[in-house]
Amino acid sequence: MEINGIEDAMRMVALSRRKFIGQGLAAGVSASALGTLLSACGGTSGTSAGTTAVGTPPKVPTGTFTVALAGPPTSLDPGRRLGLGAFYATEDIYDGLVTFNHDFTDVVPQLCESWTVSPDATEWAGKLRPGMTFHDGTPIDATAIRKNFEYFLKNAAYLFIPLPLKKIDDSKPDTIRLVFQSPYPYFTRNVTLLKMQSPRAIAAGPRAIDKHPIGSGPMQFVSSDANTIQLERFPGYWNKGLPHVEQIKFVITSDPAARVAALRSGQVNLATNLAPSEAAQVKSDPRTKLVSKASWVVTTMNFKLAAPSVHDVRIRQAVAYAIDREAILKSIGGGVGVVADSLMPPGTEGYSKMSPAYAYDPAKARELLRAVGGPVAIHMAVPAGDILANFLVSEAVAQAIVAQLKNVGIDASVDAIPESQEQKERTELKPPHVAKLSSYTWFTGGPIIYGFMESDHNMQQAYPQQYAQYRKLSDQMNAEPDLAKREAIIAQIQQIHVDLLPSIPLFVMPAVDGVSKDVQGYVPDIRNFGPNLDSVYFAS
Amino acid sequence: MSVVAARSVTVEARRGTWRRVVDTIDLELEPGTVVGLVGESGAGKTLFTRALVGLLPGGTRASGTIVLGGREYDARKGARSALGRDAALVQQNPITALDPLARVRKQLVDGVLRLGLMKHEAADARARELLGRLGFNDVERVLRLYPHQLSGGMAQRVCVALALMPSPELLIVDEPTSALDANVRVRVLELIRELAIEQRAAVVFVSHDLSLVGRFCDRLVVLYAGRIVEQGDTTDVMGVPRHPYTQALLGCAVTTEAVPRQPLTSIAGAPPAPEEWPAGCVFAPRCPHAWERCVAERPQPTVLSSSHQPRDAACHLVEEAGAAAPRPQLVTKEVERRA
Amino acid sequence: MTAHAVREALPARRARVRLPFKGQTTLRLGLAILLAMMAVGVLGRVALPSADQQDLANAFAAPGSPGHLLGTDQLGRDVLAWISDGIWIALAVALGVVVISSVVGVAVGLCAGYFGGVADMLLMRLVDLSLAIPPLILFLAAAAVLRTSIVTLILLISAVSWLPYARLVRSVTLLERERGYVITARLAGASRTRILVGHLLPSVSTVVLVLASLQVGYVLLWESGLSFLGLGVRPPHHSLGYIIAQGRDSLQQAWWVVVLPGAALALLVLAANLIGDGLRDLIQQDVEVAER
Amino acid sequence: MNLVRYLGWRIVQGIFVVLGAVVVSFLITNLAGNPSDVIGGGLLTPAQRAQIGHQLGYDRPVLVRLGDYVTGVLHGDFGSSWRTGQSALGLVLKALPNTLILIACAMTLALLLAVPIALYSVLRRETRVDRSARATMMLVAALPDFWIALLLVLLLSVNLGALPSIGFDSPRSLIMPALAIGLPLIPTSVRLLRAALLDVVSQDFITTLRAKGLGEGTIVTRYALKHAAGPFVTLLAMQVGWLLGGTIIVEVIFAWPGMGSLLQDAVTNHDIAVIQAAVVIVATGYVLLNLAGDVLIALMDPRIRVGAR
């Protein structure tokens, strides 16, 4: 990763308190992305597959949809956005070349109506829809897209995906042709993250973009101040019939309880990422309702592998056996969510159940600890402020785990540490905390580009041999065009993890959002990014 | 005839329960005379005078009647409504008794103006006159000064002027603080006396300094533990004290003249706190002459002469000895000088 | 019977010592609340399981449930057990802060008041400075470097709490140092230490006592507030502020996790304030009686 | 000392207080960490972080940085937020009015109740009215502010749906945060004012006023209040820094776009320029308020204004 210019680097931070990045970067590509797919799917970008759709959208867009935003966006620039706030606020301003459908089962066309790919997956060509313009009237052609890709490359530090471009070809105005240095079978899944903006905005520079972003999405930017961002419908949107609301307003509300209170008192129409207790409030309130969907987020307990106190794999296994995940899910999790049975959430490419499953077995845990001999102490950390409580990354869960570890004779304790301290400890060889409650977002619906997880760095230190093998497998996986073969490789990689246990998968919690009763057509974003609101409307 | 009278004035203080701290005092005051109210700390002299004008501190209450300016006041509220009209008060410390934020002129006139007793010009004139009478040469300048610019003696005189503004019938004067130079004190008190006589005000001078009282007062009232134990003309009381307490007080006054502020240290013991008052004579525990009757029975005032002014003492000894048996006593030089 | 015998027969004069709390409703009420809370603290320790004891199957039990008089939180921990521990923690922090800040404050205040000059100047500017910076900034910043523990919490709160003592003691010392007895002692050749410790220290002790008792309430609020923000006391120690923060998300579902510890905290603060107020009244009354 | 010299001296002192605040907070925040700890969301390698630290100048000795910072401030340059690139001073000045509005409302609310309560309590001192007023105040003072805020949200916003709980859209948004800040202020104000008033009414010159025949009501409301106002305002002005501390927690709970939220955010993100700018503004406000209080008192008090005889 390279930092371009110190000023941009300074702004590179997950400002939002609920970080979506998790610790590892995971992205994948759909198997079906090989070959010319998607070309058949024209027209609407994703049906409104919302679980709450009742009735029909109004003929004329009406109403203002207000969203409680967890944190201020670091930037409104698609090339430089980081953090939840930025993704939420820009999701409807920009369109990508392709996007996930609303159910996140497939990648569907957006600005491009079709793709062709070379057999070795190094060359991708997308055909643009005719007659589209950006909000400022600039036509969307291959040159505009090229400028965007050049801008992404310039801001490589902000990219979550690899972009090993050899050549960007815009010789045909209606086709953008991308040539990569190496096979890139994951391209379509990954490119869902890249959103296009007007070349004029790019020319005006980052400051201008943050002040007034110009995209081509269903909503266009109106104004923003320290606490609100105001969007309105873009009448020239290529996908006629969208959106269904006249305006979207984001109100920055960093406090989770305040977001729920605002939803219940009718000040906002949407509050996302509800913790179980908040969900219960929303559910019981006649003015609001819950919308939930299985997510791509796995809650884990990670270890600092190099730390002597947890370096012995038997200790980590004992911890895995000592945690009663069912009991925690039932009491703190409010009954939603499932016990994680893999490092990857169900529904992602390459998902397979892990073996052994490390089901709750305190006797086995004690046995392993006896085999290790001597006292075992684990001082763990949890992000302060319960900012990821919706994924059960919370103090309460940490304390429940501490109690369960004590139960098998581990001297456990927990600290809540602020984000900045967490960052520091990540690179420390001997941090005070040897384990951490955390969560991963598999936000491209599949594995792994750089490796599996943050534990890479860790693994390199503690288990250089396994790490080398693991790297090799990763490289193979990235270049393997065949899905079945790729899945086999992924299974091997997973087995390395399951055997070494650098992290213990705990839960897969659903995305649980609250909306006001009259909201229809809303679908939560299972990546824990910003949901696309183009299908949202108010029941009359 | 008397202009000011206190009838059966009793003051109680809350000490867990209500305790009497001033016990059924009757007192008549005449215009143009100065009455000295003498006693140790805690004898109730200050509380009694405050009860007269309704300025008792919190946690105390009074009963009885006060006659002032031809009106009767219930002692529960005292003659508070007569303050600033018929009654006035000069406090102990003249410097702190003045509002630090206001000029002398304003302080002198604002009372009578607010009460509507005088018009502006009249009030100004009266203020000038009084200050002049009190020995200020540069009245105009003084009127413009702030209290912190006054010396102790000046402030004392301003306070007196302030009290006399409405021509009160009753003037209560606390013994001036020792912060004042002794000579200044004497001069100011002389002036008060002159003015009081001139203005026909009845003055109550509260003190525990007998040497001062002897110089300025026409009559003396000796308080002990909330009761009048002896009263009479200054010459009589100081010349022929009948109550053992007065005797002790005078003895002390003479022997400790060098330290006038602590005249009573040579009486054995200390005055009893209200909750410790015995059933009999309150002075009995300290009295060198006490016998059974003193413990059992509270002495009533024995009238010693039938003159116009009361002359009595509350002591079984006096009662049994009869009015006619004066004991030879010390005569202070001050008394002689005054007489 | 002789006069002497009569004097003997009279009730003996007792020294001027009044029953300390007579007529002191405030003080008595405050002490009563405090003692009651401490009794809860003792009972909780003796009769209840540890506040750490979890029972996930019995989460959010309502008050009055069998075995859980005041209910349980989301981990099934007994709220009453937590409150009784919280009382001790709160009192321990308050005591620690009051002791440290009063000792430091008195020492600095005495020296500044007595010696004046540069020391005095520095103290007063320091007081200004501390008032000009919101203390929460200090706490937030400190939380980023220090590991939160009871000791660091006590030191942090003390760091902003000693100044009022210094200021008060300084002003009292300024008055006292001109009093006769101090001047006499100085003329008699008493050493500075002797004057400071032997003469001035006793004369400021009453005001310091009153200030300390009044400060306890603030310290209790600081402790709980910082623990609420996650910057103060946290498990394995049990703070009232911490459990309120934990119960906050489920306020609707289980009001008792927020309301009851909050009420216990308010009662503690109330007791401290009542005692402080009562003490001040007592001392003031003494002063008034002495003046009358 | 004449007034001009006195004020001059106070201004010099004030400048030192502000400078002191800059230095102290600079040292504390720099001790706590620097932006390279949080830049990059933790994705940077130690080498990259060190490089950023170097580029930002955080590898220089802290005193050198302090010197540069102070020089910058003296030239009006407070630096810019590393997160948004906006001027730190601009961010603070944008948030300041919101907090001032909030504090002003809370203060008005508190004073509207506190002044009559204090006056009445002093007029009826040591009566049942006074005692019950004091008891009530003591009870209110015992309630933790975050607890009040939570209960307010629960009662007024969620259950009754009556008031907006977040943000600052309409004047109605002010009600709950102002209550949460104002309520605990009432007992403080009553206590300070009552004590100041009692201190005044126990003085001899008040007895003199009584002896002049003035009624207790006139004395307390016209004379005593005037004398008590100075000490009261001074005491209150001295609480500004603390007051702001109290508003941080309430602002966060109610998502109030003020200094409190800004500071909390800046501290957690090590946005040192913003913290510094906020501290400078708060300290300056404190100094100015106290100076104003001093001037007011000086103008009122002839002992300072006129000087000794």
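The letters A, B, C and D name the chains in turn, as written, and every chain counts its residues from 1.
To be clear about the criterion, a residue touches a chain if its C-beta (ideal position, glycine included) is under 8 Å from a C-beta of that chain, and two chains touch if they have at least 3 such contacts.
Remember, predicted model here, so these are calculated numbers, not experimental data.
Colleague: For subunit A and subunit C, which third chains touch each of them?
Modeller: The shared contacts of subunit A and subunit C, listed by label, come to D.
Colleague: By C-alpha centroid distance to the whole-protein centroid, which chain wins?
Modeller: D
Colleague: Among all other chains, pick the one whose mean CA position is farthest from the mean CA position of subunit A.
Modeller: Between subunit A and the rest, the longest centre separation is with B.
Colleague: For subunit C and subunit D, let me know how many angstrom lie between their CA-based centres, rounded off.
Modeller: 23
Colleague: Counting only Cα atoms for the centres, state how far subunit A is from subunit D in Å.
Modeller: 41
Colleague: Give, as an integer number of Å, the spacing between the C-alpha centres of subunit C and subunit B.
Modeller: 47
Colleague: Take the average of all CA coordinates in subunit A, do the same for subunit B, and state the distance between these two points in whole angstrom.
Modeller: 90
Colleague: By residue number and range, which residues of subunit A touch two or more other chains?
Modeller: Residues 257, 281, 418, 420-421 of subunit A touch two or more partner chains.
Colleague: Residues of subunit C that touch two or more other chains: which are they?
Modeller: Within subunit C, the residues that touch at least two other chains are 144, 248, 251-252.
Colleague: Where in subunit B do residues touch two or more of the other chains?
Modeller: Answer for subunit B, listing residues that touch two or more other chains: there are none.
Colleague: Going by the contact rule at the top, pick out the subunit B residues touching subunit D in the complex.
Modeller: 53, 55, 58-59, 80-85, 87-89, 91-93, 96-101, 103, 107, 110-112, 114-115, 145-146, 148-150, 159, 162-163, 166
Colleague: Given the complex with subunit D, which residues does subunit C contribute to the contact?
Modeller: Within the complex, subunit C touches subunit D at residues 125, 128-138, 140-142, 144-145, 217, 221, 224-225, 228-229, 241, 244, 248, 251-252, 255, 258-259, 262, 265-267, 269-270, 273-274, 277.
Colleague: Taking the complex as given, what residues does subunit C use to touch subunit A?
Modeller: Going by the criterion above, the answer is residues 52, 54, 56-57, 59, 74-76, 143-144, 147-148, 230, 234-236, 246, 248-253.
Colleague: Per the contact definition, I'd like the list of subunit D residues that touch subunit A in the complex.
Modeller: Touch list, subunit D to subunit A: 33, 35, 37-46, 48-49, 51-52, 55-56, 82-85, 91, 94-95, 153, 157-158, 161, 163-169, 252-255, 257, 261, 265, 268-270.
Colleague: Using the touch definition from the top, list the residues of subunit A that touch subunit C in their complex.
Modeller: These residues of subunit A touch subunit C: 256-257, 275, 277-278, 280-281, 284, 324, 327-328, 330-332, 384-386, 389, 395-396, 399-400, 402-403, 413-416, 418, 420-421, 432.
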